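What follows is a single structure, written as structure tokens, with notes after it.
When the chains are written out, they are named A, B, C and D in that same order, and each has its own residue count from 1.
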Amino acid sequence: MKVAEMIRTTPARVDLDHDLLARVVEAAATCSQVCTACADACLSEDGVADLRRCIRIDLDCADVCATTVRVLSRHTAYEAAITRAVLQACVTACLTCAAECEQHAGMHEHCRVCAEACRACEELCRELLTTIA
Amino acid sequence: MKVAEMIRTTPARVDLDHDLLARVVEAAATCSQVCTACADACLSEDGVADLRRCIRIDLDCADVCATTVRVLSRHTAYEAAITRAVLQACVTACLTCAAECEQHAGMHEHCRVCAEACRACEELCRELLTTIA
Amino acid sequence: MKVAEMIRTTPARVDLDHDLLARVVEAAATCSQVCTACADACLSEDGVADLRRCIRIDLDCADVCATTVRVLSRHTAYEAAITRAVLQACVTACLTCAAECEQHAGMHEHCRVCAEACRACEELCRELLTTIA
Amino acid sequence: MKVAEMIRTTPARVDLDHDLLARVVEAAATCSQVCTACADACLSEDGVADLRRCIRIDLDCADVCATTVRVLSRHTAYEAAITRAVLQACVTACLTCAAECEQHAGMHEHCRVCAEACRACEELCRELLTTIA
């Protein structure tokens, strides 16, 4: 992705740590794609009936992460209240999705990859949250 | 919209108040569309340079409301943590957007309509939040 | 929804028929929500394994319709090429989804409602397409 | 991103070329983020009034590319009609956005980066289109 390049070239003042911001946006974009693909992979499993909750949480997490990418790509982030609320929703969605996928990670490799993507996104969102007043 | 009809016909048990849930989904869908259109209208104004903050908040609010519609349309809502976090983000985005648009409501009718849509969505999200354990 | 009100209050010149444009945006917003809810309802059915294709098409159609709402809410529509391509994708997604849901409409009322929403959206998109040079 | 890993671990049969599919998804995800950020950067420019068309096309292109990521992440792609229509819309949005951004690339580096991301996405979508019957 080219997130860092876009932060560097905006005329707006970006008060957040540029490197951390870029890593959060990339992690959220990755997580949104992985969750969409994991829901689809779960849907193809023989045991789809046992993966209903996993599919729903995957879809929720994909949507929340996509919105996180959008809001953080409007780099200015002087709307601290919105940025914070969206990051908090992203932390909640990612940790719920990670916990669910981890239960299937032994059987389904796509759930293992998805859990890892969710944990990575959750941690980076938490780190960014600590820097927003 | 046909939100109530879809809630009525799902085989899932929907623990939230059906009528309230339907009204929140409709208000969030309305708000997302109105915010997208308000950003576009602001962009066409002669004084676009003074409406930068309004445009950005409109775009953020449109994205957050769209995710709210998605998450609430997976009616089951047994992921109370995600539902709650998304509703809280929606309340924050809508009240920030309403406050900003209200400042331009005297000059720009699209901002007046947008502020009303944001207030309606904010209030319904708050009401739904009180019913989620 | 408040689509017509937003078209009336934008300072931009809107060359498309205002009433038709408003009806397309509302039909696409309705269809996007209904498809999201239909995918979720299918996921709750005992026979979920037989509804995999229906769920996938529902999710595709929900995404395409959501983008249609966005692009058409930037009312100016002087980007005729993008508007046309998006409307064509929307027609294709809606007719594919309608055809699939119609096969389950006898057994699942949510599929019947979804098929109707898709047909309504498809027809209005086609009508709008005929008016774009 | 982890697109290739998710394609490798799905139980579904993926008939499209796996490597090409992964590159299209990554290019569309990159383009969607870059277009969102370019619209925001344009909004911060002193000459925002001259960048209205650029901002609108950026926002359209961001939405179309996001839907492309979603539809292609449901890897099965046996809905050739929807996949094709979405790829065609993506080609149109990306080439329109590239052409617009190229006009500002000399003055605004974010427009140069955006034009490159659009061209890359457009070419990969075209290549994938030639492989879909």
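Throughout what follows, a residue touches a chain if its C-beta (ideal position, glycine included) is under 8 Å from a C-beta of that chain, and two chains touch if they have at least 3 such contacts.
Here the structure is a predicted model, which is why all the values come from computation and not from measurement.
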Query = So which chain is the furthest away from subunit B, centre to centre on CA atoms?
reply = D
Task = Tell me which of A-B and A-C has more C-beta pairs in contact.
result = A-B
Ask   = Distance from the CA centroid of subunit A to that of subunit C, rounded to the nearest Å?
value = 27
Inquiry  = Quick check: how many Å separate the C-alpha centres of subunit A and subunit B?
reply    = 21
Remark   = Residue numbers in subunit B touching two or more further chains are 40, 44, 56, 59, 66, 70, 74, 76
Remark   = Within the complex, subunit D is touched by subunit B residues 40, 43-44, 48-49, 52, 55-56, 59
Query = Once bound in the complex, which stretches of subunit A touch subunit D?
reply = 1-3, 5-7, 9-12, 25-26, 29-30, 32-34, 36-38, 40-41, 44-46, 62, 66, 69-70, 73-76, 108-110, 113, 117
Request  = Name, in rising order, each residue of subunit D that touches subunit C in their complex.
outcome  = 53, 56-57, 59-61, 63-64, 66-67, 70-71, 74, 76, 78-79, 81-82, 84-86, 88-89, 91-93, 96
